[in-house]
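In structure tokens below, several structures.
Shared between the two complexes below is chain A, which pairs with chain B and chain C, respectively.
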Partner chain A sequence: MSSFFDIGYVFDAIPKLLNYLHITIEILLLSIFFGLILGIIIAVPRLYKIPVLKEIATLYISFIRGTPILIQLFLVFYGLPLLVGMFGINITRMDAFIFVIITYTLSNAAAFAEIFRAAIQSIDYGQAEAAQSIGMTGWQTFSRIVFPQALRIAFPNIASTSISSLKDTSLAFSIGVMDMMGRGDTLITATMNALEVYVALAIIYYVIVLLLEYGYKFIERYLNRYLVKEAL
Partner chain B sequence: MNKKLLSSILLSGALLAACGDDSDVAKTDANNNADAEKVVIGTGSQFINICFYDEDGNLTGYDIELLKEIDQRLPQYEFDFEVMDFSNLLLSLETEKIDLIAHNMAKNPEREEKFLFNKQPYNAVPTHVVVNEKNTDIHSIDDLNGKTVGLAPTSNAALFVEDYVAKNNLDTELTYITSTPDMLNQLKTDRIQAIFQFPFSVEIFNRESDAQLKLVGEPLIFSEIFFMLNKQDEKLAADIDEILEELIEDGTVKELSEKWLGADFSVEL
Partner chain C sequence: MQLDFNFTLYALKEISKVIPFTLFLAFTPIILGFVIGLFVAFIRMSDLKILKACANFYVSFYRGTPVIMHIFIIYFGFTNFAQEVLDISLNGIPLYVFVLIALTLNAGAFLSEIIRSGILSVSKGQIEAAHSIGMTASQVFTRIIFPQAIVAAIPNLTNICTAFLHATSIAFLISVTEITGTANIIAASNLKFLEAFIAAALIYWVISILIELISAKVEKKVTKHLRRGVVQNA
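And now, the complex of A and B:
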């Protein structure tokens, strides 16, 4: 205990922290999955310039971008039960984990909506016209011509947003969802080996991000499979 | 390539399924009475020997073990523990996310106005000015003029110090730190010059983490420690009081106090 840094404790801490890795991964995957769905829904009014809904979507995106995620977490954790309570439904005692998923979904959705909008707008309108000229319906044009190309363009941004949201999951512990970072905090309280625990956490987070990046590379190659090789 | 994509989707699905829905609420399995009324206990994780996770990840400490003992003797209730940041506890009690706060809470007028305290204190501890053991120029709270001190936000010590500094026109910089290890670290590295702690915590910090702390001056406040509830939960408070008196009587509190606090504080109760 007297030594400043006990390298052995880093390796003692890693398995203890890994016991809580699944919470971190769960938060990440669920919030990305629901965030993608909600993100597409939010992008639509801005793409098709639907009045009123377009303004709401713009306001929503600018609010989420303009406020810290910790505040969003508290607004959802304490504010949402009040809002829902007005309709006579009591969700005050709902599992804190669900509040965490809701918050990160809302936050990811705003980022994904902008990514989708930019990606879809980047597809030359001439392609849609060409599709119509051979008799495709609006939906066919979107699902077979525009969307596959837009996904290819959006993917790297989605990947990097999801990597940065991996690092946000640590805030969940402030409302009682113990993920890996939360376990790290409590381990520090119990043992006072702060630096060792932080080093262990840094190693784990970095390895996860490396694995994610490796996986994303494969998906990206798959999405780009129709591109001419020289163009890559 | 299609196979690879498919397998990665399957893998992530399996990972999710493996996670299951093991709720992180620590349940006390003291009683299995199906009709038992659920009581959500709000507590923290940063207060060593009061409420903290041990190295194996179990929530424990004086407040926790005492409540488990109370739960065992109250078959009509079932206690669930919810852990959150200390500064979120009061708001969570107010919004009824939790029914009771167990976090070494002392009375103050603001808290009494809004919330209910049970009648029987379960701990009694003095708060002291605490400085680094090498420090020689701070002997009491009045020597904090021109110094920087660390406070836990919304704690009773913080309210006392804010008030004292304002009344006595001290030029003291107040910094707010939520994590105890961080606070100790800042004191050790002289970013702050004083903190406010209980003697038993100082002893633990010095023993467990070479925190190099020493107590100075007279106790600032002598705090009797209670559970905090919402005003309408008088029945629950009365039931807990009854068991607490029983536990003090039969020596359980003495035993827990000696184990976690290093001395028998039940004599003060």
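And now, the complex of A and C:
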């Protein structure tokens, strides 16, 4: 039994892997941050029904939702240098980390765009009309009436997207990024204790997801603080 | 460097040969996982304290860890265990079997959540009504709860189908030759990575769109009775 699975080695591996946790977190935070910005930009043409841009946005979202993240990672890794190469810029030596951020940003943006669109459309149009009738400007209507309510509706979906995004970051090592998973790979090559390393990694991911879920629950409760509790 | 479209076409042709295998890899776990999911969903809605805690942990662990971990842990777990404890080699077993096991367990966790929310979507009054006209518990389930639960679960089931199609791409990392694996082999032997992965992306995309179209058709058909009435709002 001892030679098959050494629990002690799992605990040995965890601190070594945690040294690389910040890379995973950086990928996650940066891709969510840029993804939120890009997601808003992509959601706009579909919300305001801007002719050609709307079709492009729909196609983009469909493509991202229709292909695995691993394929997207490879497409960006091999395709982006070619694309910017046409403009005379050479990025073939760029850090793989940047390719990963770009891929996850593009992927998250598609998911966020759909979430924003659904959330904003779920706000009753009468409210916007009412806001305008008391003399609010377009921006005031959006920032004071529509946005706070849409955020409340969108938040649980944004939270679950960010959790699946965290799990997806475990694939970044396949284009050579030295995150936790990449470090795990080198540990395995060095020690041959593959099972223990992967169990250690699974524990780390699980704990992070649990912490995130716990944190999100608090934010959700905060966002819902004005809601009247339904009488049971 | 220039894109070679003819090579993309060639790759499309080569990769389409493994589409049936990829679909097998994606959908077998969903079918087997459905059975697991049903059991787990029942346990989680029951009053069996210890079993319930185990079921909750199973679902939360599988939902909280990346699929790639499941595949690696199952793969190394089984082969190590067989090698060191039972002293038999599992080299003869094709690698995709481990992927199937990992994905099935994963599907069980996700499907149990979907089934549970489907069952909870059926109103209590209907169940009470069914009991009041003398239906047994199993009749209530098979005639009242299950048909409605499964219809309510269609959108989630569609998402699971595409998610699993996409998850099979991870099997390539343990050298299973599904769509991504085949694309990688073709790419590496011709040194045309981008073209091959574009072909793979197109294939995934088309299959995903087909899954959504089929599910929309099915949903329209099974919810027909909900749209019947004086006002037609289909």
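Methods note: the second predicted complex is superposed on the first by the 226 of 232 C-alpha atoms of A that agree within 3 Å, B and C clash if a C-alpha of one lies under 4 Å from a C-alpha of the other, contacts with A are read in each partner's own complex, and residues count from 1 in each chain.
By our rule, a contact is a pair of C-beta atoms (placed from the backbone, for glycine too) under 8 Å apart; a residue touches a chain by one contact, two chains touch by 3 or more.
Because the structure is a prediction, the values reported are computed rather than measured.
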Subject >> Fit or clash between chain C and chain B when superposed on chain A >> reply: clash
Original post:
Can A:Glu26 be said to touch chain B (first), chain C (second), both, or neither?
Top reply: first
**OP:** With the two complexes superposed on chain A, say which partner A:Thr186 touches: chain B (first), chain C (second), both, or neither.
**Re:** first
Original post:
Is A:Phe218 in contact with chain B, with chain C, with both, or with neither (first, second, both, neither)?
Top reply: first
Subject >> First, second, both or neither for A:Lys54, with chain B first and chain C second >> reply: neither
**OP:** Considering only the touch criterion stated at the top, classify A:Pro68 as touching first (chain B), second (chain C), both, or neither.
**Re:** second
**OP:** Please indicate which partner A:Leu171 is in contact with in the superposed arrangement: first for chain B, second for chain C, both, or neither.
**Re:** second
Original post:
Is A:Leu201 in contact with chain B, with chain C, with both, or with neither (first, second, both, neither)?
Top reply: second
Original post:
Quick one: which of 9-17, 189-197, 207-215 or 261-269 on chain B sits on top of chain C after the fit?
Top reply: 189-197
Subject >> Intersection of the chain A residues that touch chain B with those that touch chain C >> reply: 1, 74, 78, 82, 174, 194
Subject >> Residue ranges of chain C touching chain A (in the complex, touch as defined) >> reply: 1, 3, 60-61, 63-69, 72-73, 76-77, 80-81, 83-85, 162, 165-167, 169-170, 172-173, 180, 193-194, 197-198, 200-201, 204-206, 208-209
Subject >> Interfacial residue positions of chain B with respect to chain A in the complex >> reply: 1, 4-5, 8, 12, 15-16, 18-19, 23-25, 40, 45-48, 52-55, 57, 82-85, 88, 91-92, 95-97, 179-182, 184-185, 205, 208-211
Subject >> Parts of chain A lying in touch with chain B, wherever the complex brings them together >> reply: 1-2, 16, 19, 22-23, 25-26, 29-30, 74, 78, 81-82, 92-93, 95-97, 173-178, 182-183, 185-192, 194, 215, 218-219, 221-222, 225
Original post:
Which residues of chain A touch chain C in their complex?
Top reply: 1, 3-5, 62-63, 65-72, 74-75, 78-79, 82, 85, 163, 167-168, 170-171, 174, 181, 194-195, 198-199, 201-202, 205-206, 209-210, 213
